[in-house]
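Here come two complexes built around chain A, the first alongside chain B, the second alongside chain C.
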Partner chain A sequence: MQTPNGFNLDNSGRRVVVDPVTRIEGHLRLEVNVDEGNVIRNAVSTGTMWRGLELILKGRDPRDAWAFTQRICGVCTGTHALTSVRAVEDALAIDIPENANLIRNIMQLTLYVQDHLVHFYHLHALDWVDVVSALEADPKATSALAQSISNWPLSSPGYFRDLKTRLKAFVDSGQLGPFRNGYWGHPAYRLPPEANLMAVAHYLEALDFQKEIVKIHAIFGGKNPHPNWLVGGVPCAINLSGTGAVGAVNMERLNLVAGIIDQSIAFIEQVYLPDLTAIASFYKDWTHGGGLSGQNLLSYGDMPDRANDYSADSLMLPRGAIIGGDLSTVHEVDLKDPEQIQEFVSHSWYSYPDEAKGLHPFDGVTEPAFKLGPATQGDERHIKQLDEAAKYSWLKAPRWRGHAMEVGPLARYVIGYAQGDPEFKEPVTKLLRDLELPVAALFTTLGRTAARGLECQWAAHKLKYSFDKLMANLKAGDLNTANTDKWEPATWPTTSRGAGFTEAPRGALGHWVEIAQGKIANYQCVVPTTWNGSPRDPEGNIGAFEAALLDTPLADPEQPLEILRTIHSFDPCLACSTHVMTPDGQEKATVTVR
Partner chain B sequence: MTDPASPDTAGPTLVLGIGNLLWADEGFGVRVVEALAEGWTFDDPEVTVMDGGTQGLYLVQYVTEARNLLVVDAVDYGRPPGDTVIVRGAEVPRFAGLRKLSLHQTGFQEVMAAAELLGGGPERVTLIGVQAGDLETWGGPLTPPVRARLAPTVDLVLAELATWGITARQTTGAAPELLAPGLGLAAWEAHPTGPTGPAGGAG
Partner chain C sequence: MSGTQETFYDVMRRQGISRRGFLKFCALTSASLGLGASFAPRIAEALETKPRIPVIWLHGLECTCCTESFIRSAHPLVKDVVLSMISLDYDDTIMAAAGHQAEAILEEVRTTHKGRYVLAVEGNPPLKDGGIYCMPGGRPFVDTLKDMAADAQAVIAWGSCASWGCVQAARPNPTQATPVDKVVTGTPVLKVPGCPPIAEVMTGVLTYMLTFDRLPEVDRQGRPKMFYSQRIHDKCYRRPHFDAGQFVEKFDDENARKGYCLYKMGCKGPTTYNACSTVGWNTGTSFPIQSGHGCLGCSEHDFWDKGPFYQRLTSLEPVAAESTADSVGGTLAAVAGGAVAAHGAISIAKRGLEKRRAGTGSRGGESGDAE
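Moving on, here comes the complex of A and B:
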């Protein structure tokens, strides 16, 4: 069967089920059919939790919405909060001060740096790095390898010898902790033991370093975890001549921020990017996982360079859509155009009055309707195999002008590249040159992972840029961080609606709010993993996860490492795209082969 | 392990509530630390009361820095709703490894293991868990048997801290709110979300 978006599906082979996919925030189930050569010929992506944030927000104070949206996901808390305050400000036509825009950009860029770093080392690297193989490494050779790719000081033979001893004790204790559920020794791992040991060292260094990065959130957001946000600005008073660690932000704490930014740039450039290049060099011929990336890509853009200017021209991360792999045209994207973004539910466990049609989020309906298709195997509590011809996911199927889209760092980088923006084009060109790879290599699992690394570096430098701008403003005497002119609901129109957007680290995130008589009348979120993990639509177009898995050979279907590798490259966060898991969900990944 | 503190102080202590506030009884751990933070004052500046939410691995630095760790969470160990379990020390990961004790077990076990790998990790760990009743109503309130355990669990936390040499006194006057506006218990209960959960679930 061929899908309208050009993929061949064949579900006749035996079915492999991965449920849940580990090392992600929420609950995702994947079913694939493999042919006699163990190549994936059909893929089914299912969110296994129900989503209902919209219903929680109805009737609440729109000024509080950010705090609720911040709780829907454990990994992108701040970006939901920012999207929410932007949606409310858009609805109520509230402008924010220049400092507030800069501090929000700093908060968002800080999230990028931390999230991309943690994603690479703690959620994704273990798909490429064999921890157990690291125990075979020669510390001296590891030191030589590390010193050949970077000037990072922690690289002596003694350092790696100590680490190896510590790792061995940890593995021997039988409590693998973060390293359990790994397919250690799998034939798809290609790194020599020394590269594995170096990567494990940096896994631990990154884990230790990320705590520094989030201090920026605590300084500007009052606390961490769960920093504070504010409709109309930022809840952050500034007093340059103040002292101490409590009260208004002062010079002492601003200096701390400056130091953390410099350390972040050093870590990314001396550890993350050299590791990324070194690891990628062993997997250059593993060119699977492209899926939709060579065709349809979407970004809303983010980080306005000018306060209150959300046009594509002002956004430091590019906005646009690419269709059919045509890089010569970047289409304009408008979140409020009813013809552009629509969600379909023909294959989702929701009901619409007319399921052949999609609904724009302003007209969004969230009406659960759980029903399994006739070809389902098993029952409601223990599904053995889903029927993808019917409804099969708690994710809706968002489409842009009818197209299934991929979102995330690769989408942003390809759009920036297509626009010829040197900030995006030059690092991509350099990385491809260093690895001696063609442009086509971008449209793969590894391309997604590489774009995230480059973007982490970009974010750290933009962090410095935004911080310098903030300091210049403050030193010029502008200490204003909030506009409270329209704080009181009495100043609001009787009814209004607005759209807020960000690029979450993992992709395009939009909130749409309708406010009536001072309360939320409707609220819809379309989150990145809903785009990427989308089920099919009425026309049969498959989403990014499903497309990316097709044609991938599995070395051993009992240990589908290749599936995890590709799905993790999207950095999925299922908790915010879906909700309510079945209470008997297992912690361990269960792989069923049928 | 962290450096031994001087004998007359307990050292850095973290009281950590974990769970998702938006999800009925799942929010119990955070509600307990909310009540603790707003009702009690610690004179020991090394005591931190934290709303950990569902932050998972991002909590590792706070755990690494703590010499004493007290975790409050909703658990599911097949008992009647509201039943309380207290687990200490080496039992915490072992007990959690045997059954699905804490609903955030995977995430939290990994946090503990990651802290150990980093060469840190608390010397004393206690988990106070309360059996959840409703785990399916997205947007729902704490169910009555679990709601009724809020104040007694705050007492259990205070008693456990006392065995560690940490005392608290009741806060008089206005206390700072731990949670953002609208998320506090009173605001949450004043605005109930109707029944939202679907009948079935996939998995």
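Moving on, here comes the complex of A and C:
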């Protein structure tokens, strides 16, 4: 069977189930069918949790919405909150001060740096790195390898010998902890022992370092995870030299931020990127996992260079859509155009009055409707195999002008590349040249992973750029961080609606809010993993996860390492993607306005 | 699995940590628990003679902020916790295994370490419609939770989701998300609330259990007293501004820039039991009030449904702290000097009343008498 978006599906072969998919955020189930050669011929992606946050938001103070939506995800912490305050500010026509825009960019870029780093080392690396193989490494050779690719100082033979001793003791204890039952020794692992040992060292170093990066969130937002935000600006006040400066963002705080930015740049450029290149060089011919990436890509763009200017021209991350792999045309994207973004539920556990049609988020309706299809094996107490011909996921199926889209770092980089923006084109070109790979290599699992690494470096430098801009603005005498002119609900229109967007680390994120009589009347989120992990739509188009798994050979279906590798390259976030619920009109009327 | 009989000290030694490093770790642990230097030898002795505890960390309806917070721990470093201190045999967020290899671990630990392992729970089970709103491994999460809790020595309810229900349980709680202690019976449940809890509070609780081989002393709501027995307000460095009637009136006003009290901005510090104003966040870098935003009260029961976050507390009766604060502010504007002393006195009187009222257990204040 061929899908309208051009993928061949065959569910006649052996079914392999991976549930839970670990090293992700939230709960994801994958089922694939493999043929006699153990090549994947059908793929089914299922979100297995649902929380209903939008219904909870109804009737609340819109100034509080950021705190609720921030709890959609604690991994990409902050990005939902930022999207939310933008949506509310759009609805209420609130402008924010220049410093607030810069501090928000710094917050968002800090998240990028920390989240991409943690994804690479702690969620994704074990798909490429065999921890047990590291025990066979020669510390001297590991040192030589490390020093050949980077100036990072922690690279002596003694350093790697100590690590190997510690690792050996850990493994010998018989208690492997989080490494228990891993696919160690799997034939799809290709790194030599020395590269594995080096990667384990950096796994541990990155674990230590990531906690430093987010201190920036603590300085401007009080804590991480889940820092504080503010409609109209940012909650932190700035006081450089006046009475009480120690009670605000002052020189000491700013120096701490500056130091962390410098350390972040060093870690990414001396550890993350050299590791990424070294590891990729061993997997150059593992060219699977492209899926939708060679066809349809979407980005809303993010990080306005100019406060209150959300046009594509002002955004430091590119905005646009690519359709059918045609890089010569980048389509314009408008979150408010009812023809562009629509969500479908024909294969999702929700009901619509007419399930052949999609609905724009401003008009969305959702009623949960959990029902397993007739071909399901097992039951609601224990699902053994899902029926993808029926409803099979808590994710809706968002589409852009009817197309299933891939979102995330690769989408952003390809769109930036297609637009000819040197900030994105040059690092891609250089990486491809270093690895002696063609442009087509981008549209693979490895391409997704590489784009994330490049973007982490980009974000660290943009952190420095934004920080310098903040300092220049402070030097010019502007200390404002919040606009409270429209803080009081009495200043708001009776009804209004707005859309806010960010590029979350995982991809395009949009919130749509309707405010009536000072309260939230309706709230909708369409999040990155809903795009990437979407089930099928009424036409039968498959989403990015499902498409990416097709045609991948598994060395051993009992140990589906290759499935994890490709799915992890998207950095799935299921708590984000599966909370969606818009009450219908009837429910709306029964919710008590608080 | 002979390794399970090894002591924590054995493992640290074999992993290349010196005796001196080990003792330093014990001293730091002692300090972070507020026990003082004299306790360090006892911690060392305990760690030298006790085996590593297997920990199973399950995720229900949640956002993973608790795991993210946990990995921010600086003392002890989370890598030392995971490699040397506990045996984190299952945690979906970081474990290498997936699918049936991951699920097999649950059963293995349940049988091999019956009555010995610790069950850590992040998130909560939705009970509506038989639990179908959270189905990791193809099973309702509530079933897995009950099974694994039955044979655990103790359950740690990480964060406000597991402790109270948190955001998905906020009105109207569409999935009937339910706190862990409402579905687990027969196994003690320790609540470590917060959205998320502070990293060093999480590792501090674990370290305490490992070191002293018992659950920490808890208040009537099941929270460890060592971290949750005092209000953020009680130890807030901006408290003198509250007592002096110096308040932020609007975000980014002159008073905000001087670091005045955020009570009028809706700060929930006066009703929130947590360690933010003492331990601090992100290795003590800051905490919400220090950064200029009021406390949301995220470690308190049903904090999402206690009124808008920016509405000032009106529940400080019987002393009517709101009018106290307002009148203080007003008075101060008129007469600077004398009012400060007067308001210090009012504040002290109010504390006395709250202290007495705390005995009644209203507002969950039973542990608020620690002053």
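Points to keep in mind about this one:
Throughout what follows, the second predicted complex is superposed on the first by the 571 of 594 C-alpha atoms of A that agree within 3 Å, B and C clash if a C-alpha of one lies under 4 Å from a C-alpha of the other, contacts with A are read in each partner's own complex, and residues count from 1 in each chain.
By our rule, contacts are C-beta pairs under 8 Å (C-beta built on N, C-alpha and C of every residue); 3 or more make two chains touch, one makes a residue touch a chain.
Fair warning: this is a prediction, and the values are worked out from it, not measured in the lab.
Chain B and chain C, once both complexes are superposed via chain A, clash.
In the superposition on chain A, contact of A:174 is made with chain C only, not with chain B. In the superposition on chain A, A:64 makes contact with both chain B and chain C. Once the two structures are overlaid, the count of chain A residues touched is higher for C than for its counterpart among chain B and chain C. Within the superposed three-chain model, A:474 lies out of touch with both chain B and chain C [touch as defined at top].
When the two complexes are overlaid on their common chain A, residue A:208 makes contact with chain B and with chain C alike. Of the two partner chains placed around the shared chain by superposition, chain C is the only one that A:218 touches, whereas chain B remains out of contact.
Contacts of A:117 after superposition on the shared chain: neither chain B nor chain C is touched. In the superposed three-chain arrangement, chain B is struck by just one stretch of chain C from 236-244, 254-262, 272-280 or 326-334, namely 272-280.
Residues 19-20, 25, 27, 29, 48-50, 52-53, 55-56, 60-61, 63-64, 67-68, 71-75, 77, 118, 122, 166, 170, 175, 177-178, 204, 207-208, 210-211, 214, 225-226, 228, 368, 370, 380-381, 383, 394, 575, 581 of chain A are contacted both by chain B in one complex and by chain C in the other. Across the complex, chain C meets chain A through its residues 1-4, 6, 11, 14-17, 52, 54, 59, 61-69, 71-74, 77-79, 82-83, 86-105, 126, 129-130, 132-140, 143, 166-168, 170-175, 177, 195-196, 199, 238, 250-252, 256-260, 276, 281-283, 285-293, 296, 298, 304, 308-310. Interface residues of chain A facing chain C in the complex, by the touch rule stated above, are 17-27, 29, 48-53, 55-56, 60-61, 63-64, 67-68, 71-75, 77, 118, 122-123, 126, 131, 162, 165-166, 169-170, 172-175, 177-183, 204, 207-208, 210-211, 214-215, 217-228, 230, 232-233, 235-239, 242-249, 256, 368, 370, 378, 380-384, 394, 479-482, 484, 487, 559-560, 564, 575, 581, 591-592.
Residues 20-23, 50-61, 76, 93, 100, 105-107, 109-110, 112-114, 116-119, 135-136, 138-139, 179-183, 191, 193-194, 196-203 of chain B are the ones touching chain A in the complex. Residues 19-20, 25, 27, 29, 46, 48-50, 52-53, 55-56, 58-61, 63-64, 66-68, 70-75, 77, 118, 122, 166, 170, 175-178, 204, 207-208, 210-211, 214, 225-226, 228, 349, 368-370, 380-381, 383, 386, 393-394, 575, 579-585, 587 of chain A are the ones touching chain B in the complex.
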